[in-house]
Amino acid sequence: MKNILMAFFLVAIPLFSIAQPEQPVEQWKGKTILLIGAHPDDDSYSMGTLGMLNANDNEVYIVILTTGNVGTQDPKLGMMDLALIRKQEEQAALATMGIPLDHYINLGYDDGMLEYEDQKEVVSRLVRMIRKIKPDVLFSFDPGKGSQRWHKADHRASSYLSADAARAAMWPLMFQGQITVEGLEAHTIPEYMLYDSAEKDKNTWVDITGWEERKVDALSKYVSQFSAGWSDYKGPELSPEDEEEMKNNLRRWLKYKDGVPIEGFRHYAGLPDNIGR
Amino acid sequence: MKNILMAFFLVAIPLFSIAQPEQPVEQWKGKTILLIGAHPDDDSYSMGTLGMLNANDNEVYIVILTTGNVGTQDPKLGMMDLALIRKQEEQAALATMGIPLDHYINLGYDDGMLEYEDQKEVVSRLVRMIRKIKPDVLFSFDPGKGSQRWHKADHRASSYLSADAARAAMWPLMFQGQITVEGLEAHTIPEYMLYDSAEKDKNTWVDITGWEERKVDALSKYVSQFSAGWSDYKGPELSPEDEEEMKNNLRRWLKYKDGVPIEGFRHYAGLPDNIGR
Amino acid sequence: MKNILMAFFLVAIPLFSIAQPEQPVEQWKGKTILLIGAHPDDDSYSMGTLGMLNANDNEVYIVILTTGNVGTQDPKLGMMDLALIRKQEEQAALATMGIPLDHYINLGYDDGMLEYEDQKEVVSRLVRMIRKIKPDVLFSFDPGKGSQRWHKADHRASSYLSADAARAAMWPLMFQGQITVEGLEAHTIPEYMLYDSAEKDKNTWVDITGWEERKVDALSKYVSQFSAGWSDYKGPELSPEDEEEMKNNLRRWLKYKDGVPIEGFRHYAGLPDNIGR
Amino acid sequence: MKNILMAFFLVAIPLFSIAQPEQPVEQWKGKTILLIGAHPDDDSYSMGTLGMLNANDNEVYIVILTTGNVGTQDPKLGMMDLALIRKQEEQAALATMGIPLDHYINLGYDDGMLEYEDQKEVVSRLVRMIRKIKPDVLFSFDPGKGSQRWHKADHRASSYLSADAARAAMWPLMFQGQITVEGLEAHTIPEYMLYDSAEKDKNTWVDITGWEERKVDALSKYVSQFSAGWSDYKGPELSPEDEEEMKNNLRRWLKYKDGVPIEGFRHYAGLPDNIGR
Amino acid sequence: MKNILMAFFLVAIPLFSIAQPEQPVEQWKGKTILLIGAHPDDDSYSMGTLGMLNANDNEVYIVILTTGNVGTQDPKLGMMDLALIRKQEEQAALATMGIPLDHYINLGYDDGMLEYEDQKEVVSRLVRMIRKIKPDVLFSFDPGKGSQRWHKADHRASSYLSADAARAAMWPLMFQGQITVEGLEAHTIPEYMLYDSAEKDKNTWVDITGWEERKVDALSKYVSQFSAGWSDYKGPELSPEDEEEMKNNLRRWLKYKDGVPIEGFRHYAGLPDNIGR
Amino acid sequence: MKNILMAFFLVAIPLFSIAQPEQPVEQWKGKTILLIGAHPDDDSYSMGTLGMLNANDNEVYIVILTTGNVGTQDPKLGMMDLALIRKQEEQAALATMGIPLDHYINLGYDDGMLEYEDQKEVVSRLVRMIRKIKPDVLFSFDPGKGSQRWHKADHRASSYLSADAARAAMWPLMFQGQITVEGLEAHTIPEYMLYDSAEKDKNTWVDITGWEERKVDALSKYVSQFSAGWSDYKGPELSPEDEEEMKNNLRRWLKYKDGVPIEGFRHYAGLPDNIGR
């Protein structure tokens, strides 16, 4: 029950969960941002926001759990081929957004198999990342999305493992070795931007005006995922026609609200244990 | 994120998830149907539909995960006794519906213990079944049912494992041994009939007129489950009075809509990853 | 499917799930009550009700899964220190409510790690408890709470493991060793009081008039959790000022309905498999 | 490395491992003896010694891991039948040797499946037994027997799990919950009698003169294992002829050394970590 | 303890373990032979013997656990490529020896990962194979080889899993689903030929005179493993010079005893539980 | 079988396993050395050798699996206290030998629990270390020691996990993520120095003349393990008398051969799969 009342004493973070960021996301500065995703394109949901935050003097880190090494219908590609392609695609996309390449960390798990890895170890590795990066804000798949309700998948695993890691990271007596022998400190993440939320759960829409075309550019690097390359990969370079078609598809996927290009999130501030209240 | 956009390129299956079958279920012909359930009577929810589909020149396969070997309150029955009884009951029920006995496959897990089996191995075995049978439609416990919301059980396990298997079966790089050494092919199931759904989630009601009494007949074979045999099993034959009482109970369990006997489902068409959208 | 129809034959327990207790909780007598929780203060949600039931000639048992040995932000406390402090706090709280100390059983798992313990073994141990104590009513974290929807935690684990154990306990062929070599009997719990439910799911409010201050007294024993002791523990005794501040905080946490002090639950009666219907 | 040197400081137990008991086993008095085995007849190797020790004012406890519920070739017997038969046989055998029935504890695991149970939990349960019973001497399957070298089996599992538990039991910071919430204390077993050892490893032969016929009597209770009852069980009572034949077989299995009836062991005294040196 | 004495009653198989086959292997006829190995070339140790047995009217089956899909230092090869190459190599080798291709069964696990698969499931699958094929003799990696003593590997895993499966297969109450729903029967393998044994443990040398060159032919099909193809694979066809060099290497690997070409084994006859005595 | 023959083609490492180092250890220069151990004092067996190698222009790295956080009988110490003490002790010991502190890596697992961690993940982490450090020689607990034969322990786990990791590290298709996304390369360790071997298995004795007193100095830092600090820890500083007594004990533990101070090892050169031949 401690979780309910301990907010009395943890004054550094909000007393009750707050659904709207106090300061608009567009004005954030000097924050450390961590995004956790399952595949090397799961930052697509947030790409405009991440680019803008990075440009606004925030530090943006991307931790991806799997190499994405099974996500193809092209019989010519093996697992190592695909992992290398997707690493290059991810790096190209981040470069497009101006995010430093050494802020991209991939934990190297096999795509599609995250459910079957040892949950304690994966959480331990995410806790280490959180305690190292000390994020002010965590971007994560929303653990309350339909993915929970209807099926299991890497996305669901990613959302759950992230929530678990956020929770564990704050307790110095959990995963003690990170504290004692690695010299890290317990860290409480006070704020969350949950992506791929159900529409009805979104409460925050970030205005990405000025970043929308750059987002399309970045996403157009994911040739193996969003173009004909998905079933017949021919390298990272597309013909001008194919690139234009791909970009048009991606432009249609952009979301607008009252004519303003946006990315929608469920925002949450408070203790990780109460993330769903 | 690939799952959202890859429908651009997978033209063989619907672009967006479709909640109603394009062709009424009553008119389906030439399809391959696979039902996955946890116990050797979990086809009861769909028995009328399955019988009708079988009669209409569709191929109907039943894969049951457990032998049902703990489902009794009769202290005289051991686990092997009960497994044999339930195998005979299932075969009798399928025979009543005209479904060929060699279309019934039981994976042999212990009843009540499905949660504790190695999830990767169970999924692997279901993926093998899907790649062998190549169903056009999967009948499965609805992963979005209350079973998820309120408790864990074989039914929940069955629904999740089925969804996971449907997802994995489509990727040639997952469970590769089935492709390379067994010579199977990746298979994408395009359409789903989810049974035991919450009432509010059902979107498809199959008219089983003409099959209702045969369904009662089939279900009346489950003597160890739906009659006094549950606490005091005396063999597959009931006295005429007991059989009539059992059938009357079963008749009361039939569902009607506007006087028409129906079986309700949540129908879904699309990629398995989007099964809940 | 047996679960749907077997109620025909299990006349000792209600035919259909019943959302309101037939007899008001305030009038219960001679019942055996079992509460299962994750931490040595998870009885806080139900403390008034438990005290009243105990006073009304019901037998109240408390089974807690973990020692609570990581729940502190005080760097001076080690895991064993904290486990001992919380044991003493729990005993003091129960003594305040008049509940016999030998009715408190702690299974000794490490706090925060319940997710990673072998689920089959934890369920087996809870099943043993149920078969020994033979409760008429189980108090449990509500498995349908937001904890399921948004994150994983010991609370979620506790709710699920309890539901699983309630289900397994009724089948004599599950965890057979408890029946054959330990001489226990299968036991079906007919009635459930689920605590920490979502507000919209609560259907039963117990009037704890006359017990509210005693509840505050009991909860005030949890010095390591609900006072400044959470970050700087100085022993079980608080200064008069600190104790008064802590009690005032706890009083603010009490719930009232039309001026009456209450504790709210989701009540359920029926077979454990149907707990969510 | 601590294990090598820590004997400098642990004066209560021998400095170096000692292969022969200082005091002949036949003269032991006032000791607490714990035997751990896999099946409800694994005490057969030591039955004469146990009976003699019990008669000589030592406390003898028997902890058996499995119910023995698959050890039959009789198709008429189910798992629960067999578990009950073997419990009765074990109790009859112990009664014959004069060992109190409440000194027999069966942990209830399924026979043949010990390898697949969660090793941490089984060890935890054995540690609890050791900390409760506080044995001076542990009788265990010899972990160095051929069972390790050539195959896996419950016997190997039993030997390893016992050695692991003996090791863990001495560290107060391992399985802390047993110390903090159950109030047990760490316990170091100083002396070991390892049974079913390879002949070349035996170093201690207990003279069971006067106990040999009583041992045969005790073992003759294991009708389901050592008589025709193994393939066709007809109850605990044998015909006089069958009983005599069974006893004759058992007499032939007795071991003699220079005409003296003996039971051979590998004796070891020292820290459990050094059990093999 | 049953294992020691039950041989009294199991007259169909030898009373005590017998280290030499009663009938010379060269004279065996009408037997069913099963070899279990980890990789699609682990039959190399026994290839001459298998070919001869097959020619002498015995039925020879080969069950391989992994696809061998990581066994290369050639960076051009992916996992699926290699699995297909090794399948083709294995089939070519067996064809050379005259063993029917449908007697080759590959369980499809990933090479190098056998240690980390669920042991219960792998054993279950091997038990199914044993109960289907009903071998008179099992060829297996020797569980007592140095592989046990010095390191863990697929070979060790294969030897242990085989021994475990042989043991479990004989008990009708283990892996019951195979008996009840699949209609298989418990099967006791009475005789074992353990390959890759330590030299000092070998007790049986099969005279493969007349089969040695055919063995070299067969092994020369493993181009990806025993030729320059290991680091630079160029297809199944070698140049005449390369093929000759490879065959010469393989010829040097043949073993002779007193000028006679032989294959050495540790032979064992008896109950699987006593395989090491 | 590839392991036997592949040495034909892997000319960079010895054809057959070689039991004696070609070049005396005392003359090694320019090598990279990796020691893997379970506890932060397991380098004690090799401390003289490591110091000498470090002084002789070799790079020495120490990877320890656990924090050593349960290795005490002092009831005043908690797990975090002990982990910090042992880290400081290890650093002091390495400093004494001149080994750079940033060559010490602790993986942070809990002491005594290594057996129960996910084996695949621990191996994966060791493989990463091997691929990063690219050692020419691995110092490891000898997997063939009595620890295997008689009991399970962190030492056994450490020896096995190291052997497994050495084996896996050489295959580029194993733990692929380390290759593809982390940019590491497969690495084959050609030479092994196995410590804590059985006396009969030692084949290499390193002359540590000139390093013996420094070794005693280094080991005297392990106050919590080798002094009265084991049961009553009073800080890293001992009184002059206590320090002298501790050093005298440690001096007695030094090994001599023909008057020369030595450290004995089982040396092995060859493929890791053949480590035991």
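As written, the chain order gives the labels A, B, C, D, E and F, with residue 1 at the start of each chain.
In this text, contacts are C-beta pairs under 8 Å (C-beta built on N, C-alpha and C of every residue); 3 or more make two chains touch, one makes a residue touch a chain.
Just so it is clear, the structure is predicted and the values come from calculations on it, not from any experiment.
Common neighbours of subunit A and subunit F (chains touching each): C, E.
The most distant chain from subunit E, with centres taken as the mean of CA atoms, is C. Residues touching across the subunit E and subunit F pair largely diverge in numbering: under half of the numbers involved belong to both copies. The distance from the centre of subunit D to the centre of subunit F, with each centre set as the mean of the Cα atoms, comes to 36 Å. Averaged C-alpha coordinates put the centre of subunit B at 39 Å from the centre of subunit E. Residues of subunit B in contact with at least two other chains: 69, 78-80, 120, 172-173. Every pair of chains meeting the touch criterion is listed here: A-B, A-C, A-E, A-F, B-C, B-D, B-E, C-D, C-F, D-E, D-F, E-F.
Chain contact summary for the complex, subunit D toward subunit C: residues 66-67, 69, 79-80, 83-84, 87, 106-110, 117-118, 120-121, 172-173, 175-182. Listing the residues of subunit C that touch subunit F in their complex gives 78-81.
By the touch criterion stated above, subunit E contacts subunit F in their complex at residues 39, 41-42, 44-45, 69-73, 75, 78-79, 82, 112-113, 115-116, 146-147, 149-153, 222, 225-228, 230-231, 249-250, 253. For subunit F in complex with subunit E, the touching residues are 1-2, 4-6, 8-10, 119-120, 143-144, 148, 160, 163-164, 167-168, 171-174, 186, 272-273, 275-277.
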